Every structure is written in C-alpha cells, then in structure tokens.
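Provided herewith is a single structure, encoded as structure tokens, for subsequent inquiry.
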Amino acid sequence: MPASLTWNRYGKSSVRLVKVRRSTEPHDIVDLTIDVALEGAFDKVYTGGDNSACLATDTMKNTVYAFARVEPIDHVESFAVKLVEYFCEKPGVTRACIEAAEHPWTRLHPHAFARSGEEEWTTTATSDGDGLSIVSGLRGLVVLKTTDSAFSGFPRDQFTTLPETRDRILATSINARWTYAGGFGDFGRRDAIRAALLQAFAGHKSESVQQTLYVMGEAALAACDGIVDIHLSLPNRHHLLVDLAPFGLDNPNEIFVATEQPYGLIEARISRK
Amino acid sequence: MPASLTWNRYGKSSVRLVKVRRSTEPHDIVDLTIDVALEGAFDKVYTGGDNSACLATDTMKNTVYAFARVEPIDHVESFAVKLVEYFCEKPGVTRACIEAAEHPWTRLHPHAFARSGEEEWTTTATSDGDGLSIVSGLRGLVVLKTTDSAFSGFPRDQFTTLPETRDRILATSINARWTYAGGFGDFGRRDAIRAALLQAFAGHKSESVQQTLYVMGEAALAACDGIVDIHLSLPNRHHLLVDLAPFGLDNPNEIFVATEQPYGLIEARISRK
Amino acid sequence: MPASLTWNRYGKSSVRLVKVRRSTEPHDIVDLTIDVALEGAFDKVYTGGDNSACLATDTMKNTVYAFARVEPIDHVESFAVKLVEYFCEKPGVTRACIEAAEHPWTRLHPHAFARSGEEEWTTTATSDGDGLSIVSGLRGLVVLKTTDSAFSGFPRDQFTTLPETRDRILATSINARWTYAGGFGDFGRRDAIRAALLQAFAGHKSESVQQTLYVMGEAALAACDGIVDIHLSLPNRHHLLVDLAPFGLDNPNEIFVATEQPYGLIEARISRK
Amino acid sequence: MPASLTWNRYGKSSVRLVKVRRSTEPHDIVDLTIDVALEGAFDKVYTGGDNSACLATDTMKNTVYAFARVEPIDHVESFAVKLVEYFCEKPGVTRACIEAAEHPWTRLHPHAFARSGEEEWTTTATSDGDGLSIVSGLRGLVVLKTTDSAFSGFPRDQFTTLPETRDRILATSINARWTYAGGFGDFGRRDAIRAALLQAFAGHKSESVQQTLYVMGEAALAACDGIVDIHLSLPNRHHLLVDLAPFGLDNPNEIFVATEQPYGLIEARISRK
C-alpha cells in the first residue's frame, strides 16, 4: 500500500526506582519514576518485522537500575544526562530522551520519611545531533490566596455573564518547566526557584492569573542565572461564592464551593532577554 | 411481588466547602468535603413514589452551606455535630450521619497557603436513638523507613517462596480512625495523635507490619485520654530489592522497585482496657 | 499500657490474575483482581512480634496463582469458594474472605478481545464457623435515561431552592450486590440479573431514584430464584439544565452540564419475603 | 527586569456538555468534554494587568453552551469547526484550538443508554492564518490477543535478561489520531477506521508491537481515503507468565499477572505517500 513510516519513537515508561543511601547517617532516599524514549533508524522493526536493531524496552529498564547502583544521583539532572548519553550511543539511535519525576519525602527521623504530597520535581534530558538540552521543573504544587486577586475590565460580549470582581480567591496547581542555558546548569537552585515562585504568587496584587503568572516567571528567572526561560501552566481552580441570600444570609466573601470542572488554563513562556 | 424494602439510606455526597475567616489577621481557611446520609421512615418514597417525606439532597447541600456561614468551624467535629443534630430532627429521620474530610493547607504568607499533600483528616458524626458517636481520623499519610524493619520466622508451606529478611524497607499509607469517649472529646488533640503515630512508626524496631501497627495504636491511645479505641489500616507498599547480579553488580539493600500491586493489607483495632 | 487488640484482619489485596484457556477453540480469557483476608488467632503477631502463625501475604498470592492453574474457573464464585475453603483450614484462621472483581472482555476474533469498559463483576466468598456465604454483584455500569424521570412533591423548608420537575435526565452508575441462598446458587444467572436491572431502569416511569431503585431490586429478585436479597447503591449523576436565557435562547430540556460533585447517593436492600 | 513574554495561550478546559435530541424518536444523546484555547495579542494582560483584550474563560464556556443549542452536532468535527471559526474572529486572536472528547453511549431502549466504557473519540480543530486543520482520533480502546504475537531476534547487551518468545499475550490501549486532508473530511468514517484498526490488531501475526502498529496504521489509511496520516501510540500492557515451578506445576502459557508499571510505549506516524 502507498504508505510510509514518517516518524517513530519507542521506549520504557514508568520505571519506579527508589535508591537508599545507607553509607551515610542519616539515611537518604531518592524516589523516581523514569521514562526512556528513543528515536532513530528503526524502520525495519515496523515495516519488516526485523528486530535486530530493536533494543528491548526490558533492557532499558534493567539499564536504569544498573546505572542507579553505580551513579550517586546527587542531582536527578546529572543522572538523566548519564542515561541519555549512554542510550545515544546505542546502534541506530539519533535522539534519546530521559524524563524523570522525583517524588519528594520529608525527613521524620534519621531513618524515616513522610511523602510531601502530590508535588513532583521533573527533569527532561534530551540528546541528539544538536547536543544536549536539560529542562527541569515542578508540578502539582497547589496554592491558594484569599485576597489580593481581582478580575475586572475584561470585554463583555453577547455571551458574557461573569460579574467583575476586585476580591476573589485565587487557587492553582503550579506546573513549571525551566530550561538550563547551554544544556547545563546549577541543579542545586531548584529550592530557590520554587521559593521565588511561591513568594511571587503570595505577594502579588493580581489583576488576572495571566499577570500573576508573568510575575512568577520573572521571579524565577531572577532567582537562578543559569536558566534561560520558564514555561508556566496554571489551571484556575475556581472557588465560586455561594449565594446564601435565599436563606436570609449574606456571604461577605466567606463561603465558597471549590469546583473542578470546568477550569481556566493559563500558559506562557517567559524568557531572559 | 413478594419483595420488601429491608434497609435504606440516602443523602448528598462530596459537598465541597471552603470557608475563609477574613475577620482575623492573618486569614484562616477551612477546606472540607462533606457527605450527609439519612436513614428512617422513607419506605413510601421507594415503594410508592410518594416524595412527601423525601428531603431533597439538594436541600441537604444548601443546609451545609448555610450552617457553614453561621458556625465558626473551629473544629470539624463540632460542625459535624451541629449538622447531625439538625438533620436528626427532620421528619422521619431515625439516624443521621455526617462524614467530613478536611484537606489541610500550610501557611505561606498572611493571605496565602499551599496544599499539604494527599493527607486528609476525617470525622464521622452519627446520631440515632442511642445517642451520638464521633469518630475522627486521618488517611493518606504516606511514610517509609529505610531500616529497623524485619520479617522472618513466618510459617513455610508448599506455596511459600518469600525469603526471610532482617532488614527491609517498610512503607505504608496510614489510615487511622479513633473513637471519642462518650461521643465527645478534646478535638484539639489531633496533632498529638498524629505525632504519636509517626514517632511510633519511625522509632519501632519492627518484626512485622502487624507489630508496628500495634505499637502505633498504643502510642495513639497514650497521646489522648479522650479516645477509647483506634482502628488502623496499613497497606504494605512493597519495595522489592532489584536483582543486579546479572549485570555483575551487588545490591546491598540500596536499589528498590516500588510496586503498587499486589499489596499486603494489615488492619486492627486497639482498645483502651 | 492498658491497651488490648480487640479485632484484627490481614491479607493480600489486588492480586492481578489473567487465565487463558488455550485448550479450546476459540481461546477464552478470565481477568480477575483478587483480595484475600484472614481473621483469627494472630494476636501474638501484633503484640509479641511472633510470626510463627503469620502466613505471609506473599504466600497467599502464590496460592491464588497455583489454584488458578488447577481450577477451571468456570464461575468466579466456584473459584472463590475453593480458595476460601483452603484458607479456612490454615492454622489459627477463624474467618476467611475472598473478594474477586472480574473485568469483562468482549470477543473480537477467535484469539482477540476488547475490554468492555469500566463495569466489573464482583464476588465475595466468606467462610467462618457459621458456614459459607456468597455475595455477587456488579459495579461501574453507567446508565442514563433522557425522559420518564420526575422529581416533585418533596418537602420544602427554609433551605430548599430546588424546583420541581416532571421531566429530567436520570443517570447513575449501578452498584449491585446480591446474596445467594444457602451460600450457593445458580452462578450462571448473572446475565439475567444484569438484564433485569437494565430493563427496569430503562422502562420505569420514575418519581425518584429511590422508586427506580426499588423496581430494579424487585426485577433482579424475579430474575433469579437463587438469590435472597439485593443491595443497590445508586449515585445520582446530576445533569443540570443550562440557563441559556441570558443569550436570548430557550432550552427545552436539551442542553445539560454533567456534574461530578456533589452527587446524591441512594442505597437500599430489597429482600425476598 | 530583562525578561519578556515569548509565548502565551489561555482558555477554558473540561467544559462538560450533554445534548439530548428530543425532537426525534428514539432520543439521541451527545456527550462531550470540550477545551477552548486561544493564542494572540494578549501581552498587556500578562505584562500590564490590562484586561481589556482578555475574553473571560467563563464567556468561552457560555459560548460553547449557546452554540450547542443552535448547532445540530451531527458530527463533533463540524461543531468544533464552528466554534474555532467563531473564536478566531474575536479581537486579538491569531490562533484558536478546540479539543473535544466524545464519550460514547450504547442504546438500551428508545430513551435509555449505557456508557460504552473508557473509550473516547477525540477531535482537535485548529485555525490560524494558515487555515484550518482537523485531527480526529480515539483513545482508551483496550485490546488483547492471546496468541499470534512473538518477540525475538532483538539485540542482547550486558543489561539484557528478557528471554525470546514466539508466543505471548499482546495487550494495549489504542490511542490513534488521524489528520483529514485539506482540513476537511468524511467525518462519518470513524467506525470504518476503528474497525480497520481492530481487525488489523486481531488478525496480524505479530513480530513486535512496532510491526503490529504499522499494519494497523496501513489498515486505517486504506479504510478512509480522506485522511493523510495516522499517529498511533500503543502502551505495551505486559502480561507476565507466572513461574509455577516452585509449586510443582507447569504453566503452558495459561496463568499471567497483568502489570501496570513499567510499560513499553511504542509510537509512530504512518503517512499516505
């Protein structure tokens, strides 16, 4: 048939890896979910049933665990780079990508920890003929402010019913990804970037989610010289004021229903000039 | 047909309520998901299509929001009791139950907060002819210890393949429910109970999840005189040692795969004598 | 401390088992998730760290797979009974419970299948000194009717705002559990019970979810002589009429928003007289 | 600060819309989840707090419901095109995108339906200065074959432990997206494309997921002249043979454990020449 394979990629996803550093006191733990994806000259696997170039995805998984034993994993970024460089050398591979999600734990005791919640720290290392790129980030960091958030002055057309407001709840789940300059960076600055995002969110007198997003992006760039841009994706987790008038009660911005659907979604990339 | 209605219950579930206390500085927030359930003389609704006794579940939802405006919600337990007492007075009701899950937030700033993760604090208030009972708890508190956990000396039959171990990772998601004496209690002791559970988990030299569960239950009872028993449900979140021998590597209890299925589930109730 | 263990249970949950019957043409497949739970004289495991009576949950998992090889699994109920009888014989066990969820597949081809969706068929077999009980059911069967559903004549109090309606959408996710007489039954009647539930839901002129629930329960009892009661749990998946008047449009029961929170929850047990 | 906004997009996500066609007998239902996203000259919203160009996402939601009343929605694609053309005309917009997921229902009765499971039918309509593109697809169609699947002849390196097999279970969740030529197409051919995908999956003697993917893509292109390419993403839902030898039992490809993590992920695009 007149068809052709115009793109392909394959790999292993959701490799769950926990490394305990026992040589030190107190113990330390790294908890990762890793995806490996390869692109390259694999056409005959698809079109000819010829597996001679097809590194098994099970082998990719084994490779991750073996590297985890040998590498210190001081920063997830460094570990991802080691893996991506290794996979790029395999026959036929023209592009390799390692995605890692780190699940943070809080120390309770020299040998015990509690999960810090839904927040995850992410890293994507990609290598191809044009070199190496490293994008790190965080997601699932849910925040809310009870004031200093307005939304007014927006256009009204035949479908507009939303009232203007100068005081509302603003809540979102921060999803951020920043790119390190030259493919490398000071991977120890994640906490500083995170703190800058939170401080900007909390302190900003917001006219819109968009404006707050921009201020957060600026703050992140200011917090870490080594990053060249940041992409933010902020779902607007609407908190709707409940109408208590039918029950003879006022509601001075006090009782809200938290909704999940539908939600606004605001995204942008802020770059260093 | 020779059939009869032998039990019934109905209500409204997943009422999402956020209350902001703006009258104080800094602002305070309470974030709850509430279920209302009623039992009683509602047979004609089912068997006769007669709705004259059927309080609409939409009315239950409205009632929750109206009470939230009027009540301070200093403790979720007190709020649940107010609701359950109100619903018990409605015509036909013989038993009312309010279940509340509180979603904790951590303060970032006088007006801003971050979600503390998946952990939830629960309360169930039930009222019927025999009086009022209050059961509180927490769930989704995920913890892990890297040592001081063994599992050995268990019986071996024809289906046993598990090796004995004197040192393994122990991880679980704590689900606890404690009953207040006499239907009432010192609702401000949740933090003390939580701390006792965590300290017992972390500090215990464990021979089994069962033994650690018992020590945790004892610690909770010791931490709060006002509770008469505690029910603990602890899924064993297995972390399996990866076999690195095929790659010429040892694995001195360092590299693990975290698994979700299957999992052990250990449950018990510990009561004050 | 003056504490005592007043109840305990443990076991293995979420054992994923797929059995292919290759000896026949066409191939046949059974896809199950199984939970094993045991109660009994296990106090020393909890209070003494003595594991000599503690059958490992890993052994329970192995037992399930070994039985799956030997047993035909013509009906999930028969398989659950074999397992529960085996575990009841283990030292110290006073009560054993097997819960199984079957994930149905639809045949595409003699050797190929498609998953039938979120619906699951459930069985719980429990054995103790009082004998054996078998409860089967289904869950996740989502249904909707576009008419023949009303809700009116309900009481109005100070918190009631819901308008009466003689024509609304009625949608739910059917969750049913029926008990077999004498611990045994004609396990081949699941399809007949399911068909009766669906026919009653679709054909009923409903005054409330409660009334439709009762008619469904009656129909199930009529469809299978071997069951003595049925428990139904029906979440009301509200479809709210969208107010299009601000846009100069009517909405003759045509455009709805499907909501997930909050939801009504209607439950009852219907028993054979 | 030396930062600039280099990309932005915003909109409303997860607008839940159910339309009932009551004018016909039997009744008909369309169940959609819709996302609206706009790009354009919105910089001042982000950098200046000037909302004069910022169409509220609440207005987008209202627009979807108003259009749903007026448009017949015979095909989701036509409805998405109407919306995308409308939003492209709003001030400042340079690119609009409508994503729709249709949740299929199976008819039970002239006025009643059952959800067909997790499968969803998707459409993305995008319009910018370069014209209109329409990509449709399906996702969540879970399939399994019990034989005619092999994986052998793959390269072995120092991390390879996977044995070769000439007979295994192959299971996946089909995720497909196809592009209509010239932005338009015969939107009534979805069933034919779906049937071609299933028939190719079931009938193929597979040397790898990759090879089966290619055959499925070819079959889809052959089934519908109006599409120019198809992208397939096939997670390999591994079914691992259980080792029963420790229990003195063989396992002639009959007892499997279905696993969720990790999983292979195979993706490719097949284009018409």
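In this document, chain identifiers A, B, C and D correspond to the written order of the chains, with residue numbering beginning at 1 in each.
As a convention for this text, contacts are C-beta pairs under 8 Å (C-beta built on N, C-alpha and C of every residue); 3 or more make two chains touch, one makes a residue touch a chain.
None of these values were measured; they are calculated from a predicted model.
For A-C, the matching interface among the pairs A-B, B-D or A-D, defined by over half of the contact pairs being the same residue numbers, is B-D. With every chain reduced to the mean of its CA atoms, the largest distance from chain C is reached by A. Counted by C-beta pairs in contact, the busier of B-D and B-C is B-C.
Separating the centre of chain B from that of chain C, both taken as means of CA atoms, is a distance of 22 Å. As a whole-number value, the distance joining the C-alpha centres of chain C and chain D reads 30 Å. Our note on geometry: chain B versus chain D, Cα centroid distance of 37 Å, whole angstroms. In chain D, the residues touching two or more other chains are 16, 62, 66, 159, 161, 246-247, 259-261.
Within the complex formed with chain D, the chain C residues making contact are 16-22, 27, 29, 31, 62, 65-66, 68-70, 105, 108-109, 111-119, 141-148, 169, 198-199, 201-203, 239, 242, 244, 246-247, 249, 251-259.
By the touch criterion given at the top, residues 1-16, 35, 37, 42, 45-59, 61-63, 66, 91, 151-155, 157, 159-162, 207-208, 210-211, 213-214, 217-218, 221-222, 229, 231, 235-236, 260-273 of chain B touch chain C in their complex. Interface residues of chain A facing chain C in the complex, by the touch rule stated above, are 158-159, 161, 246-248, 259-261.
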